[in-house]
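Only one structure is covered here, and it is reproduced in the block below.
Should a chain be cited, it is by its letter among A, B, C, D, E and F, assigned in written order, with residues numbered from 1 in that chain.
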Amino acid sequence: MEDIIVRYVTRIILPFVQLYGLYVVLHGHLSPGGGFSGGAIIGASMILYALAFNLSAGSKKLSHDVSSALESGGALLFAGMGIFAILLGTNFLGNKVAGIPIGTPGNLFSSGAIMIITFGVGVKVASTMITLFYSLIEGEDHSHDHD
Amino acid sequence: MRFTSSFLPVWIVMFPMVMTAVIYYVEQHSEKMRNALAVGTSLVTFLSVAALYPYIMAGNIIEYKMFQLLPSLDISFRVDILSFSLALLSSFIWMMVAIYSLDYMCKEHGCNRYYPVLIITLASCMGIFMAGDLFTLFVFFELMSLISYVLVVHEETVEALRAGYKYLIMTIIGGLALFFGIIITFELAGTVTLSGATLIKEPSTLAFFAFISFLIGFGMKAGMFPLHVWLPDAHPVAPSPASALLSGIMLKTGAYGLLRVIFHVFGFEFMQREGWTVILAVVAVITILLGSAVAITQDDLKRRLAYSSIGQMGYILLGMSILTERALIGNIFHIFSHAFMKSTLFLCAGAIILKTGKRSIKELGGIGKQMPFTMFAFTLAALAMIGIPPFNGFLSKWTLSLGAMDAGVPFYVLVLLLSSLLNGLYYLPIIISAFFGGEPGHEHDHVKVNEAGYKMLIPIAILAVSCLLFGLLPTNLPFDLSRVAAEFLLRGGQ
Amino acid sequence: MSWTRRKGCSAVTEVLKYLLLLFLVVCAIAVAKTRDLLSAVIIFAAYSLIMAILWQLLAAPDIAITEAAIGAGVTTLLLVAAITKTRREE
Amino acid sequence: MSIVNHFPVLAVVVLLLFAYLMPLLMRWRKEWCVPATLGAIGFSLIASLYMMWQVMTTGPFMYQMGSWAPPWGIEFSIDYLAVFATMTITIVGLIVIYYGTQDLLHELKEQVMGWYYTLYLLLMASMIGMVLTNDLFNMFVFVEICAIASCGIISIKESRECIEAAFKYLVLSAVGSGCLLLAIAMIYMVTGHLNFTYVAQALPQVMDLYPLNILVSLALFLVGLGVKAALFPLHVWLPDAHSSAPSPSSAVLSGLVIKVYAIAMIKLLYKVYPPELLGMAPIMNMILWMATLAIIIGSMFAIVQDDIKKMLAYSSIAQIGYVFLGVGLMSESALQGGILHIFNHAIMKSMLFLSAGAIIYATGTRKLSDLKGIGITLPVPTIAFSLGAFAMVGIPITNGFISKWYLALGSLDVGRPFFAAVILVSSLLNGIYYLPIVVNAFFGEPEGAVAEPRPLPRQMVVSLILLGSGVILFGVFPSLILGVVSKAAQSLLGLL
Amino acid sequence: MMRKLLVFIFLAVIAVALVATVLEMPPIGDPMNITNNEVPQRYLEDSLQETGALNVIASIITDYRAFDTLGEATVLFVAIAAAISNLKAH
Amino acid sequence: MTMIDILLRLHQNSYYFFAIILFIIGFHTMLSHNNLIKKVIGMNIMDTSIFLFFVAIGYVNGGRAPILEPGVPYTAYVNPLPSALILTGIVVAVSVTAYALSLIVKLYKHYGTIDAEEIMRIRGGDIQ
C-alpha cells in the first residue's frame, strides 16, 4: 500500500471526497443522502488515507480519544435533540411541534432538528467507520493505548 | 371456643413449623434444649389435637380458610372426624418416636439435621390430615415427601443415597400424578374444596385420568403394588425411629388421600358404577399377597418389616374397594392398628440393631434372652400383625372380613386369611428363634448385650400395650373413632 | 435535477434492468465459487455497485448513494482488513 | 407536561444515553461506570413500575414519538403485556448487573469492563424497546441491537469457546434477522402499514387477496424470532453461547433475552395476525409441536450434561418451550401460564445461572460431579440453586408451580390433556437432572477446591437472596403479579 | 454429501415457497398498490410544511420516524462496543 | 395458471423474483460454506437482496425520487417509506458485518484458521 501513485492520487482526491461527504451530510434535507451516506463517505475517505499512507499517520489525524468522543457526541447530540423536545413540552424527538424553527424550505439552514440530527449522525457514522476499521486492523497492538 | 377451634388447625400446623425454625436456631447452642424442644413440640401438638376432641365428637366440622393462592385455589383447613382421628394418631406416634429418638439418635451423627426435619415432617403431616382442599393436601403432601427424603438418607451410606434417589424420583412421579389429578378435578369441577359433596359427577375420560392419577399419586405413597418399589429400599435404610414414622404414619397419608378422593371427589357409588373399584380391589389383592410373600424371603429384619408394611397397606386398599360400613370401619381401624403395630416393630428392631449392630434375622437367634423386654414387645406386635385374637390386628381384620362378607365377596376373606398365614410364616420364626433359638452367635459370648435405655423402652412399651389393649377392650378410642368416622363418611361427609 | 429524471417503461430500461439483475446473480454466484477471498470481496464490491445502480433505476437515490458508500466502500474495506489479518485463500 | 408522561420513552432513552456516555466515562471517570449503570437501570425500573401502576389504574395508552400520529410516526404501546415485560426486564436486569459488578471482575479483563456495562445497557434498552414498540420496523431495529449486544456480552470474555459461540449465534441470528426483514417487507407490501394496530386492521381485508403472502410472512416471522428465541429445531446456538458466556451474561441471556423474542412473537401472533388466519393455518399446531419437542428434547439433553452451565442452558431450551406451549394453546389460562412463565423463568433461571456463577467463582470448578458437599461450604449459592431447582420441577410454594398450574389448566381447557402430560413428563425430567445435584450438594463430603471455597462478595450474596426470595414470594403470593398477567392474556385474546 | 443434499432440498423448498409467493404479490410499480396509501401521501404532500425538508426521505428518517434512526445509530454504537470489547479483550 | 401467465407474472415482478434468487444464493453461501468470511459475504448478499425486495415495493411506475419540487403532484413520486427503512437496514447490515469480522479476526488468532469445520474439529467435534 506504499505505492507512490496511490499516495499521490489519494492526496489529490481526498479533499474532494471529504468535501463531497460534508456536502452530503449538510444537504441531507435538501438532496439525496444524509447523515449515513455522508458519514460513510467521510469515514471511507479517512480509511483510504490510512491505507494509502500508513496507519499511524491515520491515527495521528484522529486519535482514539477524539474518535470515541465523536462517536458518543454524535449519538448524544441525537438523543439530546429528543430530550430537548421533551424539555420544550412535546413528545420525544418532536421537531416543529416542539417549536424548533424550521426556517424556509430549501435553505441550507432549515428544517430545524433534522439538520442537527443529520449532522450528529454524520459525525457518528464517520467516526464509527474509522474506529471499526482501526480496531479491526490494529486488533492486538492496542496495548500501548492507555485504556 | 368458636374462634379457638377454628384457629386450632392453623395452630397445629404452624406451631411445629415455627418450632422447626426455633429448634434450628437453638441447636447451635444447646443439645439438651433441642431435645426438650423437639419432644415438647410433639407433645404440644398432640395436646392441641386432643383439645379438639369434644368439639369434633359433638359432630362439628372446623373449616378455616387461610389465604388464597390463586383464584378459587386456597390454602384452607378442614377438620372432620376422619382428619381428627388420623391427626390424633399421628401426633401420638410422633411423640413416642420423638422420645425414643432421644436415646436412639444420641449415637448417630447429624442430630442437628434430624430433629428439625422430624418436627417439620410432623407439621406437614398435620397439614395433610387437616387440609381443607385437595390443593392444600397436595402442598403438604409434597412438602412431607420431599422432606422425609432427608430422613431416608440420614445415614448417608451408599445404599441409603441410592434408595433415597429412587424414593425421590418416585415421589416426584407421584407428586406430578397428583398434580395432574388435581388439575383435572379443578378443570371439571371448578374447585377442589373437600366440602362433602362430590366434585366430579359426570363420568368422562378426563375423570378416569384423574382417578388413575390420584391412584398413582397416593398409591405411590401407600406402597400400592406396582409402585411399591421404593418402599422396601427406603424404609430399612432410614434410622429406625424414622422408619417407624415412614411405615407407621407416612404410608397412611396415601391411604388417607385415597379415602378423601373416594368420598369427596368421585363418590363411592360413582366409582362402583364405573367399575373403578375393581381396579382398586385387584391392585389391593396383589399388594397383599405380594407384600406378605416377599417378606418371607427377606433376611434383613427391617426389610422384612418394610415388605410386611406393603402387605398391610394392601388390607387398607382392599377395605377401600369394598366400602360397606363394616369394611370402612375395619379399614380405618386398621390404619390405627397398623400404625401402632408397625411402629412398635420398627422401634424394637431399632433397639435390637442399636444394641447388637445386627440386621440379619439369622443372627438374631437367642436375642430374646438378652433383650427380653424388647423382644416381648416385638412379640406382642408381631402377634397382632398376624391377627391372633385378642390383639388389635385381629379386630381390624375381623371387621374387614365382616365388611367383605356384607359385600358378598368371600374371596376377600380368603385373601385375608391367606395373608395372615403368610404373616405368621415370617413373624413366628423371628420370635421362636429369638426366645428358643438358644444358639446365639459366637460373638454374643464376649459381647454382653443389654436392654436399651428407658427412654427407648417406654415408647415401645406404651405402643406394644396399646396393640393389646385396643384389641382386648370391646370399646376403645380408636375403634370408636373409626366407627364414627365411617358413619360420618358414609353419610356423605356433611 | 438530474437524479429525478423521469423513467418510462421503455424497452431499453427493461433490457438494462434484466442485464443488471442477471449480472447481480452472476456476481453472487461468483462470490460463492471464487476460492480467492480477496477476489470474492472485489466481486462483492462490484455486486454492491450494481445494486446501487439498480436502486437508482428504482428512483431511490438516497439508498443508492448509501449503498455505494457503505456496501461498496466501507464493507469492502472492512472485509479487506479482515482478510489481511487472517488469510487469503479459502 | 411533567416528566412522568415521558417515562415510556425515557425508560429506553436514559439507558441509551448512559450507554453513549459510558466510553467517555471509562476514559475519564472510571469509577463512575458502575453507579451510572446501576442508576440508569434503576431509573428504568422506577419508570416501568410507574407505567405499570398507570396502566393498571387507567388502562393501556400510547406514546407517539415526535407527536406524529400512528401510521406516520412510531409509537410505543404501553399495554399490560408491555409493562409486565418491562418490569421483568428491569428487575432481573438490575439484580443481575448488581451481581455482575463483582463477578465480572474475575471473569473479564479490566480494560473491557466499561464496554461490558455499555453493552449491557444497550441490551436492556433494546429489550425494553422491543416489548414497548408498536411498530414492525422499529421492532426489527431493536431486535438487531439486541442480537448484537447479546453476542457482544458473550464474546467479551477472552476464551475461544466464547468467541466461537458468539460467532455461531451472530450468524444464526443474522439469518433470523433476514427472515424477519423479509417478513416485514411482505407484510408491508400487502397492507401498506407498519404499525401493529393498522396492520391488524388491514390484514383481514387482504387475507383473501394474498393468503400465501401472509402465511409465508408468518412462517418467516416464526423462523426469524424462533432462531433468536431458541425454539426447538433452531436452538443449536444456545447451549454453547449460554454456557460459555460470563455468568451474568448467561443469566440475562437465558433469563431475559430469549423471552423478549417470545414476547415479540406473542405480540405478532395475537395483536397483528387475524385470529381467523391462526385458526385456519396449522401454525399454532406447529408451534405446539415444536414447543413439545423443545420441552422433551431440551430436558433429555440436559440430563446428560456434566457442565453445570451447559445443563442450565439446555434446560432453557426446554423452558422456552413452556412459553411457546402457552402461546400455542390459545386459551386464556395457557396464555396466562406462558406469560407468567416468562417472569418466573426469568427469576429462576437467572438465579440458577448466578448461583452457578458464584459456585464457579468460589471453587473454580464447573463440573457437576465435583460439587459434592458444596451445600455445606457454600450455603447461599447452593440453597439458591436448590430453590431454583425446586422451582424448575414445579414444587408448590415456588413460582414454577404457578406457571405450570396455569399451563396445564390451559391445555385441559382446550381439551388437549396431552400437553398437560407433556408438562408433567418434563417436570419429571427436570427432577431427574436437577435434584441429584441438590442431593449431591448437601449429602456429600466436600473435597478439593469445594472444601475451601473463596469467600463470596456481598453483592453476589445479596443478589442471590433477592432472587431466591422472589421465587418464594411469587410462589406464595402469585396474586402480586397475576393481576397484570391475566389482564395481559385477556387483552391479547380480545376478552377485555 | 448427505448434508449438501439436505441443504439443497431445504433451500429448494424455501425457494419454491417464496417464488410461489412472488406470483401472488401485487405488481411492482402499480400506483394502485395498497402501499401507496395515505402514509406516503402525507409524507409527500405535507412534509414541506411539517418538517421543512425537501428530501422526503430525510424528513422521514430524522423526523417522522426519527426513533428508528436513533435505533440505527445505536446499532452502530453497539457494533463498535461489541467489536472493540472483543478485540481488546486479550 | 399457464406457463405464460407465470412468466408474465415473473416478468412483472422481476425485482421480487431476482431478490428471492439472490436471497437463496446468499442463504446457501451462508449455510454451506465453511469459510467464515464467505459466510459474512453471503450474509451481506442475503441482506442486500432483501433491501432490493423492499425498495421494489416502494417503486411507482414513472415515479421520481422523492426530492420535492414545487408544482409536482405527489403521485409523481415513488413511495419514500421503503427507502427510509432500507437506509436503516443497510447500516444494520454493515454493523453486523463489522462485528462478525472482528469475531473472525479473533477466531483466527485463537484457532489459526477461518474454516468452520476446522474450528469444530479443533474444538473436539462438539457440535450439539
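Before moving on, here are some points about what is shown:
To be clear about the criterion, a residue touches a chain if its C-beta (ideal position, glycine included) is under 8 Å from a C-beta of that chain, and two chains touch if they have at least 3 such contacts.
Keep in mind that what you see is a predicted model, and the values were worked out from it rather than measured.
Note on connectivity: the fewest steps through touching chains from chain D to chain E is 1.
C-beta contact counts were set side by side for A-E and A-D; A-E has more. Each chain gets a centre from the mean of its Cα atoms; the one farthest from the centre of chain D is B.
When chain centres are taken as C-alpha averages, the shortest distance to the whole-protein C-alpha average belongs to D. Of all chains, the one whose CA centroid is most distant from that of chain C is B.
Taking each chain's centre as the average of its CA atoms, chain D and chain F sit 28 Å apart. Centre to centre, using the average C-alpha position, chain A and chain B are separated by 79 Å. A straight line joining the Cα centres of chain B and chain F is 70 Å long. Centre to centre, using the average C-alpha position, chain B and chain D are separated by 45 Å. In chain F, 14-15, 21, 23, 26-28, 56-59, 61, 63, 65-67, 81-83, 85, 87-88, 90-92, 95-96, 98-99, 101-106, 109 are the positions where the chain touches two or more neighbouring chains simultaneously.
Contacts with at least two other chains are made by residues 1, 3, 61-62, 66, 70, 74, 78, 81-82, 85 of chain C.
The multi-chain contact residues of chain A, meaning those touching 2 or more other chains, are 30-32, 34, 36, 71, 75, 79, 82, 92-93, 95, 125, 132, 135-136, 139-140.
Taken together, the chain D residues at the contact with chain E in this complex read 13, 16, 19-20, 23, 65-66, 68, 71-74, 108-109, 111-112, 115-116, 118-119, 122, 125-126, 129, 137-138, 141-142, 144-145, 148-149, 151-152, 155-158, 163, 166, 186, 188-193, 202, 206, 210-213, 216, 219. Taken in their complex, chain B has these residues touching chain D: 68-71, 73, 138-139, 142-143, 146, 149, 153, 156, 161, 164-165, 168-169, 172-173, 175-177, 179-180, 183-184, 186-187, 206, 209.
Within the complex, the chain F residues that touch chain D are 23, 26-27, 30, 36, 39, 43, 46-47, 50, 53-54, 57, 81-82, 85, 88-89, 92, 95-96, 99-100, 103-104, 106-107, 110-111, 119, 123, 127-128. Of all residues in chain E, only 48, 50-55, 57-59, 61-63, 66-67, 69-70, 72-74, 76-77, 79-80, 83-84, 87-88, 90 touch chain A in the complex they form.
Interface of chain A with chain D (complex): residues 65, 68-69, 71-72, 75-76, 79, 82-83, 85-86, 89-95, 97-98, 147.
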